Structure formats: C-alpha cells, structure tokens
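The following pair of complexes shares a single chain, chain A, combined with chain B in the former and chain C in the latter.
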Partner chain A sequence: MAKNTSTKNTAEWNYAASPESTSHIRLEKKYQLFINNEWVSPSSKKYFPSTNPASEEVLAEIAWANDVDVDKAVKAARKAYQEVWSKLSGAERGKYIYRIARMMQERAREFAVIESLDCGKPIRESRDVDVPLACNHFFYYAGWADKLEYAMPHKKPEALGVAGQIIPWNFPLLMAAWKIAPALAAGNTVVLKPAETTSLTALKLAEIIKDSGLPPGVVNIVTGYGDTGAAIVNHPDIDKIAFTGSTNVGKIIQRAIAGTHKKSTLELGGKSANIIFDDAPIDQAVEGIVNGIFFNQGHVCCAGSRLFVQENIAERVIHKLKSRMESLYVGDPLDKNTDIGAINSKEQLETIEKYIRIGKEEGAEIYQSQCAIPSKGYFCRPTLFTGVSQSHVIAQEEIFGPVLTIQTFRTVDEVIQKANNTPYGLAAGVWTDKGSRIFNLTTKLRAGVVWANTYNKFDPVSPFGGYKESGFGREGGVHGLGAYLK
Partner chain B sequence: MIKTFDPNNMLSKITVDKVGVEERVARFQTRSIKNESKLQGLKMVLNMIDLTTLEGKDTPGKVQQMCYKAQHLHDVQPDLPTVAAVCVYPSMVSVARKALGNSSVKIASVSTAFPSGQSTREIKISDTKFAVDQGADEIDMVISRGKFLAGEYAFVFDEIAAIKEACGKARLKVILETGELSTLDNVRLASDIAIHAGADFIKTSTGKIQPAATMQVTYTMLMAIKDYYDKTGIMVGMKPAGGISTSKLALHNLVMVKEVLGNAWLTNEWFRFGASSLANDVLMQIMKSTTGLYQSSDYFSID
Partner chain C sequence: MNILKTYKIYIGGAFPRTESGRYYPITDSKGNTLANVCLSSRKDVRNAVVAARKAFGGWSEKTAFNRGQILYRIAEMLDGRKGQFIDELVLQGISKSKADKEFQQSVDRLVYYAGWADKYQQIASSVNPVSSSHFNFSALEPMGVIGIIAPQENSLLGLISLVIPAICGGNTVVVAASESHPLCSVTFAEVLHSSDVPGGVVNILTGKVAELAPALAAHMDVNALVSSDLGELQKPLALSCVENLKRRFTYMNSDQQGLNFVTDLQEVKTTWHPIESIGGATSSY
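So, the complex of A and B:
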C-alpha cells in the first residue's frame, strides 16, 4: 500500500543555538602583573574590571600598573637581556619560540573562547583566524631566530635591547604575537601592555611563557590604561617603542620620544578604499566588501570602510550587498553561527553611534540590516551609507565599526585620486577581471597593502604597515624582523 | 510558445572568481547544525531526494524495489517523509508508474540521449515525449556540451526550448554536466542559458562524470537562480546530483540554499538531491539522533 507522508516543508528552517562550551577554560578572579616570570601585585594597589561586552558581566579584575611597576618590568627586561637572552645563540632562542607556539596550539580552544568572551568577536573568527594566525607568527619567527644574517645580508644584525610594546583591543592575542615573536627572534626582551578592555589572552599567554621555561624577564606583561602606556613610552631605558592603535595616540608617542634614542614603529588608523570595477566577479566582490567592513565588527585598522563602485554597476552591487547583509547573523559571540559579535566596549559603541548620527545629519542615505540584536550587551547592526561624497565626515574619519560608506566613480584616474585623498594609507582592495588594471592601481594607490580580488588576508610571511598617517615600519615577514634589529 | 535566444538580455556576462567561491563555500561548511535543526534538516533532505537508478543493467524488478523504498524509507521510524521522486530511464517509467500507483512520489525520467546527449534533436524530442507519455512527471534533459564549448549558445538555447515544449505539463530539469564545462564562468553562462530557455530546474550532473555536484558549482548555479529571481520574480529550482552521499554534505547544501536563496527554496518543489546512497546515510543519522546509537548499515534496506 502506498504511504503518503510527504511533509510540506513550508516551516522555516533555522539554526538552533550552538554555543561553544566554556567549561574547559580557566580564568582567575584577579590577575597580577607578569614580571620576571612571576605574578606581582601592582604597587598602585589598584585593579580594574575586564568585562564581557556581550553580557556586560565582569570576567576578572586586572592589575593597574603605575610607573613604579613599569620601571620594575623594564629593569627585569634589561637584566634578562644583558645576562641571558643576548648571550643565547639564535638556535636556542628559536627553540623557546617554537615551544611557545606549540603550547599555544595545544591550548587553542581555550584561547579562542577567552578571546571571544573578553573581546566580543565571534568564536568563528577567534577560532579560525586570530588564534591560528597568532600561533603561526610564533612558528614563522622561530624559524628566523638563527638565520638573521640571511635576513639582513651584508650586515651584522644586532638586537636593539628592550622593546616596549603597546597593543590594541581589536586583535588582542594576535597583536601580542605580532609584537613578541619578531622581538624575541631578533634577540630583544619585551615589556608589553595589552589594551585595558582586553588583557586576558595576553595574561593567558604569560602563563604559557612561564610554563615554557623562557628565562625570567624576557617577556613582561604589564596591564593598565593609557597612563601605564605613557610610563612605558617615557621610560629612559627602553630602546624601541612598537605601537599599534589610534593615530592620535601615535602622534602623542612620536612627540614623546622625539630627540631620544628610541626607535619606533607605529601601526595606526586607516580609512581604506575598496574599489569595484564593472568587470569584477561581482558576487565575490560583494563577499569581499562584507569581509572588508564587517570582519571583527569593523574593528580592523585596515577595514575596507570606503567603498568605490563603478557607476554602471553601482545599483546592482548595492542591491546584492543589502541582500547579503540580511543573511549575516548578529549576536552571541560564542555561538558558532554568529557572523558579527559584540562591539568591544560601551565607549566604542557610542563612538560608532555618533558617526552614524553624523552621517544622517550630513544627508547620506543609511541602510541597516533588519536582523534582531540582543537587548543586553553592546551591539551594532551592519550599516551602510549611500550618497556619500569625499567631504562627508563619515568618509574621512576612521569609525572603527561596521559602517561602510559608498561612493561611485566613472574612470580609473578619478578613483585613484579619490582613494588617495585621505590622510591615511593603510590598505586598499581592487576588484577587476583585468590583470593589467590591478598592476596599474597597485603602483598608484598610496597604501601599505593592496589586495587584488580579495580583502583582509593576513599571513606571517607578508609585511603589513602604512603610508602617511597610518604609520611607519612594517610588521610581518623579513621586514618585521628588521624593525627589531640594529 | 517556444522561446527565442536573445544574448543581450539573457546572458548576464557575470564572471566568477574560483578562489572567492571556494572561500564562500567554506563559510557555509563551518555552520553548526545541531539538535532540532539537524533532525528537521535531515527529514527535509529525505523529502528532497530523487532516488535514482540509471544503469544499463536496470530491470523492472530493481525499479519496483526502489519505488517501494521511495515510499517506505525506514518503517521502524514513524514520521518519516517519502522521497521527492524516483529517477529512471524512459523505458522504466511505465514500471515505476505502476509501482507508485497514486503515491505523491513523482517520477522523473532522464531523456535527450542521456547521458552524452549526442543525438539529433528529433530523437531527443521523441525520447522526451515517450517518457512523458509513459507517465513521467519530470524530465531531466542534458545540454549539448560539445555545442556549448564550441560557442554555439543559440543551438543550446533552442534545444532546451524545444524540449521544454515537448515536456508539456512535465517539469523540466536541465542538466549542465558541469564536470565537462571546466570553468565556473562556463557554469554560470550555461545556467543563464538554461534558465532563460525555460528550465524549471537546473541540475549539475548526470552522475556519470566526475567531478559532479561540488558545492562550488552548486553555489555558482544558485547565484544564477538568485539573479534571475531578483530580475523577474520567477523561481527556478536547483538539483545538485552526483557525489552527495553523506548527511553532512547534504546539510551543508541546505545551509547554502537557505543563505543564498532563502527558506522559500527549501521544499522539494524547488530543491532536490539526485542521489542513490544518500538516503541511507541520512536514515542512519536520524536513528542516531533518536536512539543515541549508530546502527549497522545492515539495518537499512538497500533497494
């Protein structure tokens, strides 16, 4: 007998909640400063909370280092440099760095979960991008430690000494890796300050550093706010300042170290152009736009925040982009299906909302995806503005959030001019089927990185850094090594 | 009325970047489908399967057995749907018609000198009419890949339009045989031609050529369907066929359809899997999610 149970699948098919487990992570209630491979309470006796931006709950209390603590850390680093680290062979240094890389890999899951908790970024990104890339930076630079003469031919490469490193909150563990790995490979010792909203993964990295048996004082981690960073910048016994963060703070640092012996590399803000020509693979370009501006909630210094679309395809591209935005999931950073997580802090959310208001006041047309966002925590819908011109504030200033401005252009010369018409020069994207056009643009765009038919691709082998007010010096690759050598 | 070819309006001239497509597809594959979504998804997959046997050695007995299985996938488990259709050669349509009786399971028949399509238009049309007369609800035709690769797009278009005419009320699935088209640019172009020529469904493969229904190819075809829908408001169905033999891959395909085209496409009216061994893997997963245990493949019938 025939059975007729064919279901009419008219019901919606949605993804059930799929949160990554937090049962395997270990977090202390209170974190001290990491100096000389020991956990030291701050002489300020002050602590500040680190909160989960998705739930506004406090994750841990973090020590607030003052200039006495920073001095202690710099002294430890100097002693370690003079007595141990500078005397080790490159091969021996490499072994320690490899060991740190492997131990990070073993604890990758814990790092990913803590990063998402502390930072608000979706677990998909911390698991598939931040943590693996951070490990790869250590692996990559471990390999250079005994080959410095090959990296710098016809020179006798020498370490600088003690490096003071100040990193931002958008890629906390990855930025720590970008800073620490090349410094150690080149033979320097380190005092690192993570951003005040995202100290946890750097402190977990400190645990690994301690467990790895790295000699005491080679890596010191001091937590705190801007005053802690200032104490590092102004400390007389530091040989090099490496900073990633805002252009404003970068300028302050440069003023502070002017006339001193300190070397520096600054990786600052950006307002990068993503340029779509009419012969581009349009659907992949739309993916590139999404990846360029909505990756990590747009908290990316090289975010493709200014979109330039050739006039004859603008309508189609914008239609496709809006439709794609509707399929992005905004919500719980720990859910494996979340595409866009929480904004890192209340202050940053206010900044983004301020710029959205400005955009509306300037008369640009706003479009935000219709998705529901959680009532608790700091969230922002993916946003785009059309009808934008070069003179709009939203097209000039770095918003550091999921906000895209769209302008159209007609000719190649016009778009090159407009793309370069900014004080920044960190990155750019070019989308076209024509190889010759790619090479023409890469030579004319004043940007440290130009991606062709892709966006936001990172690799330890590839140098990264800016033109103009986006900073100077390169990180990654052989170039990144040079920044830590005499 | 038979449609006529108008390259300016019918070919989107959209280029496809393979690297970008691979990245997009990888994103679908990281979606986590758990608990009730998984069970619901698996049942949807069963209901979208075109249970297929397309072999020279097919016999009426084999087809009868498959038709029974199509309606009784695993009777120990209640609330299972039937598959969407059985897919057979034209000579087996009458056998299937008799075996299925008044079941809601449809009969799909391949035609047009399947799988190579190397024959005359007259033969292809009569092949199609024969299958429809025998009781086929759906026709799975193949395009002339040789003509397509030679750039004779009008020929390919006219042939599809003529077969569509011959189908009458039967729904037409157009097989692009993407494994022979070599680039995603070609897959996109062939999709545009088939859709404009009147395809109710576009389908990746015959199952006789590798690679068959890769997610990259299916994604490219889904984008063609989406663009056509955005332009005209007309829905076209999609059928990946060949190579989808696991539940996981099938669920990834559902994710892709949902995120590219939306929930409206997630019924067997608009999405099908052409497969023979997929059903049992899905059944095994469904039993696992209800009993908590994986059962031996011996517990699942292989008609």
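So, the complex of A and C:
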C-alpha cells in the first residue's frame, strides 16, 4: 500500500483569526421546559449544564425533565391536538408553519452562532448548511399542509395524534426541523426532546414558536437525558415515536413499543461506502472524500466512512488525500476559516480515540494530519487508516468521528459486494465518469441515499432514510409525510 | 378407487417433505382424514430463506413488464385448475357458493396485481426539485426476503392477497400457509411451479404458526414480516423483529387489495446526480 510519507505539507496555514461575533446573540443563564407555550420549571428541580465543546465553558443551565414533566407535555400536546390543531384547516396550519420558517430566517445568524457554540461545528457549516436547511424544511412542509390528499394515492390522509420526537446532537436545529415541520403539516402535535449536549437551538426555536402565535401545546420541548427520552417512549398517550440516533437506542425503542399501538420511524447509524473508480475526476473525488468523512467532524450518520478506491489509482488518490488533509484547519468553530470544529463532547472524543486505538491494534496503518489543535476543548485530527480489511472493527462499526477507513477493489462486482456487506444501509457515494456504471451501482447498492459524483448533499424536498439496520421511514420530500399520516 | 394426493412443501422450486419427518393430519368436518400434511420445522424455514435470498437477485432484476406477465401467467394456470381448487375449498369446510366466490376473487386478484407490476413505480416515485445543480429522484426498490404468515380463513384468497403484492414488487417470500386449512396452499404451489415463476421466489411451508412465525421473525436474513392480526403472538413477534430491524406489517384487512400492499414492502432510494452548469448558453433563444 501507498507508503507516502512525503505528503507532509510544509506550507503554513495560519490565517489571521476571523471569528464570528457573538455580540448579537441572546442566551439565558437558565432554560426551563417549554410546555403549552410557557416556560415551566421542571418538577425534578434538576438542571444540567450545556457546555461549549471548544472551550469547555458552560453556556447555560438546562432543565432536566422527568416522568411528571413529560406527562405534562404529552397532556398539553393531546389537548392541543383534540381541541385546536386537528380542527384547523390545512391551509391555516400551513400559515403557522410558514410564519415559523420566516421568523427563523430573520434570526438565522443568531441560530448559527449558538449552534456552533453549543455543538462545536464550524460556523461555515451552521451558517451555510444547518440553519438555512432547517428554515427551508419548515417552508417546504408548510406548503404540504393543505395538499395532503395528493401525497398518498388511494388513502384518506389522517394525522396520527401526538408525536414523541427524540433527536441527536450532530445537527440539533436541523433535526428539530426535520421532525417538527412534517409532523405539524400532517396535523399532529409534538413533544420533542433534544440531545442533552445540544438543547440550546431547540429552546431558541421554542422562542420563535411562542412568538409565532402557534396555539399552546402544539409543540412542546422537554430537555433532558436518556431517562427523559424513555419517559416519552413509554408514555401511553403517545401515538408515534420518531427517533434519530444510534442503532442501539433505536432497537431499545422498538423493544419498548413492541405490542403497543405506537408507530415509529427510525433514522439510525451507518457505515456508508464511498466508491472511487479509476475514471473518476480525481481532484473532485478527493474533495468528495473529504466532505464525506470530515464534514461536521464526521458526526454524520451518512458519513462516507468506508472508502473504496480502485486498486490502480489507490496510491495516487491516497497521496492527494493526505496532502489535502494537511490543509484542513482544525480549531475554533466560530472562526470562518475553520474546516473542522470541536468534537461534540468528551464522551464522544473518548469513543473516537478508542476506535483509533483499536484500528492500530488491528494492524491497520494510521495517518493523521499534522495540524495544530487547540489545547483546550475536544478536538481530533483528521485521521485515515490504510491496510484495512472487511473484518476490521473500524471497517464495521460506526465511529461517528473524522476517521476514514480505506480499502481497495478491482472489479465492479467486488466493490458492490463489499459495499453491501454491512448490516447498515443509509447512504453511499459513487465516483466515475461513466453514466451507465453510475446507474448500475446506484441501483445495486442497498442504501437509502446514493450520491453520484457528490456526497453529503441534503435538501428538504429530497427523501432521506435507511435500509436494513439504518432504520426505516423517510424524512424530507413527499415520502416524509408518510411518517406522520395514517 | 381415488388416488390420494401427497401434500408436500415448496422450497426453492422443489417439493420436498419437511426435513423433520413430522406430519399432522387434516380432517374434514366428519373427522375423515383428508391428508397428512408436513409439519415444517425451523430448519425448513432456514432452508426456505436461503432459497428466497438466492432467488432475490434474479427476480428483483427482472423487468417490471416481465414480472407482470408472469403474474398474469399464474392467473391463467390457476383458472385452469378451477375444479380442483373448488373441490379442495369445499373439502376444507366451506359451501360450494363461497368456494366459487373465493376462487373467482383469487383469480381476479392475480390479474389486478399483474397490472400493477409496471405501474406502482410511476405512482409512488418522485423527481425532487432540489435547490442545487443536481438531478434528484426517489424510486422504490424491493425490501428483499419477506416472511408471510397467511391468514387462517380464506386459505386461498388470503394467501394470494399477501404473497402476490410482495412478489409483484420484486421481493421473494417464505410463507407459512394456513395451519388449519393448508391444502390449497400446496396446490397453489403447483400452480406457481408451472407459471414461469423462478424457483425460490415463493416458498410455502405448512405447519404450526406458533412454530414457524417466531422462526421467521427471528431470522436475520428476513427483511420484513407480514401477517394478519395474530393476537397474542403479536408482541413476541414484534420483539423478535427488532434484532435486525425487520419491517413489520399487520393487516387487519388481509383479504383486501390495494396499492399499499405493494408499496409497503418497498424501500425508497434517493439518488443525487450533478448537472453540469458551466454557464453561457441557455435553452432559451
């Protein structure tokens, strides 16, 4: 395998610091639960800190909801469903959702800054990807609210009732939008729980929901840890669970609701293949590899974490990839020059470091960029492993960090087999100049999203979701409505 | 003297007896033995899943038009054996007029799904106008190997109502036939066998639901489990389905027909493809 140690790039990449201002954001010291359009202190009387993973400083104290609080939220949602939301016309529901979208756009920069502070992702990503996509998601689904009969052929669309929604920490606001917007458009009411490390943008969204005049109880936001999520999952008056997170927790949820009336959609883990053929435009492909695995510090369920490079170009691709990795800027998430921000939490950094250790122990060859990383906060250098085989743990398990495994292949059939040889099936990427080959692969790869000559693209109109153990149900597009209609 | 028929199971396009050597008797209302039917085992389930998985690639890659023709061919073959099926339905305890009706509905249902084979994709897929220079579309793909527990009553129509939409969409299936009324299911396997349906696409086992359903639910290479309401078995089956996140569909109206019986057993795949956008010439002139 390519033993290119000569890739060390000696160029200096020290830009002048260019941090985004935080002067215009409004953060409370303490956040309560958002139930019935009111800020309610938790009956547990407990709070937990939300910290900035880049500085380890506490940003705010967040209320920790227990069973009693969750019950209060579910009751508010049920009442709002029965008395108000289910009686409104689709057109009226749509107007509220449009209003939320517009108010989010007005405050977009504030949301982007808070997202980067709380989550650790680079401001360039929160500003240009997360927040605009979240706004657009509301805008898109707003327009469906009065057109549901076109969405499901031969079915009379009916809302499910109260949806319990549990979201992860990698795209906090965007995931809240993916959950709330289609649920409201389809006529459901919502109890949403953000991840414990990233509650802030969901709570800021609650401010907008209140300002928008959305009827009380239609959206309730309860913050907390896994026990809060379990209280939602196990509440008897919840009609539907929508979960995005790990496959492990997804299975716990499925077991908890087995034999009940609750419906579910799950968007879970992945170990997606990114496949480079020898006729691909190599420089573009290298950018695609970088975007596939290092976007959002690799905290992406559909990250292109298994790279398959055709054998005859492997040396060249890996050489260019290492060189490109050296130019990635790891550091302050609020700096506009930053490519890779902070790992979301100490726990996650430890998980990633554990897998890097396992990779070395398994005998794979590691390469990490030589960039400086801040002394404070949770950071991880962009990492790749060569000499990886299918049986390696690092090629099978989701690492959820900036760690790429590289394998090679010779034939199309071989790479299809290797790519599909996983219990996951969330996404895949294919890089080749040949159209007929693209469609051969895109149809044979068992994954819910396939990117040809691109990677990690998202859009409100584009259905997203997995095959096999990556979960079921789709979010986005017309197919996303199916998750919230009878 | 009549020649009594040996009712065997159907795996991978062959008619073996159960590997377990076990049987159970089927009697008419007067207690006369109609047949000794295979009491299939968990091992038979595993063999059938292997056969179904092997057949999946070829069946799912057949053209939709071809699958439609094969489904129509099943209808032709079924209709040609009208007398035999009606006799069996009557032997198993329903009136002649009910048997006539069930048989006719069964043939009609096959013709109905034969028509859907090359049409459901157009109804349920979409081109998605993304806000970037990409051509983005979502199309349906079959889930894979489907486990089916056929309803106990309407032993022919119920079987057809769950099996045919699954294979219409390119899936392959392993079916636990009606435990109490299994005769038609075996005869229907003979119809499939003579209908250009490749071996392994439909595998039919007779035996106890309480034994076969859990084996199907727990099998790691079964992608979805379909049945009518199975009462007390529902919860343990749902729990068994979790390990590989098997999709689970329970139809309260399992003798009905509709597009959703096809589309429920499909995955949605979204494909992104860049559109070259260099600027300069446009299509307007």
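Couple of notes before you dig in:
Note that the second predicted complex is superposed on the first by the 472 of 486 C-alpha atoms of A that agree within 3 Å, B and C clash if a C-alpha of one lies under 4 Å from a C-alpha of the other, contacts with A are read in each partner's own complex, and residues count from 1 in each chain.
Here, a residue touches a chain if its C-beta (ideal position, glycine included) is under 8 Å from a C-beta of that chain, and two chains touch if they have at least 3 such contacts.
Being a predicted model, the structure only gives us computed values, none of them experimental.
By the touch criterion stated above, A:Asp128 is placed in contact with chain B alone, chain C being left untouched.
In the superposition on chain A, A:Thr454 makes contact with both chain B and chain C. Once the two complexes are overlaid on the shared chain, A:Ile438 sits against chain C while remaining clear of chain B. By the touch criterion defined above, A:Lys155 reaches chain C but does not reach chain B. In the superposition on chain A, A:Arg474 makes contact with chain C only, not with chain B.
In the superposition on chain A, A:Ala16 makes contact with chain B only, not with chain C.
Once the two complexes are overlaid on chain A, the chain A residues touched by chain B in the first and by chain C in the second are 453-454. Chain contact summary for the complex, chain A toward chain C: residues 136, 153-155, 247, 250-251, 254-255, 258-259, 266, 268, 423, 438, 442-443, 447-454, 457, 459, 461-465, 467-469, 471-472, 474, 477-479. Touching chain A in their complex are the following residues of chain C: 123-124, 126, 128-132, 134, 136, 138, 141, 223, 234-235, 238-239, 241-245, 247, 258-260, 267-274. On the side of chain B, the complex with chain A involves touching residues 14-17, 19-21, 23-24, 30-38, 40-41, 43-44, 47, 71-72, 79-82, 84, 100-105, 223, 230, 254, 258-260, 263, 266-268.
If you check the complex, the residues on chain A that touch chain B are 2-18, 124, 128, 279-285, 287-288, 319, 323, 327, 336-337, 433, 453-454.
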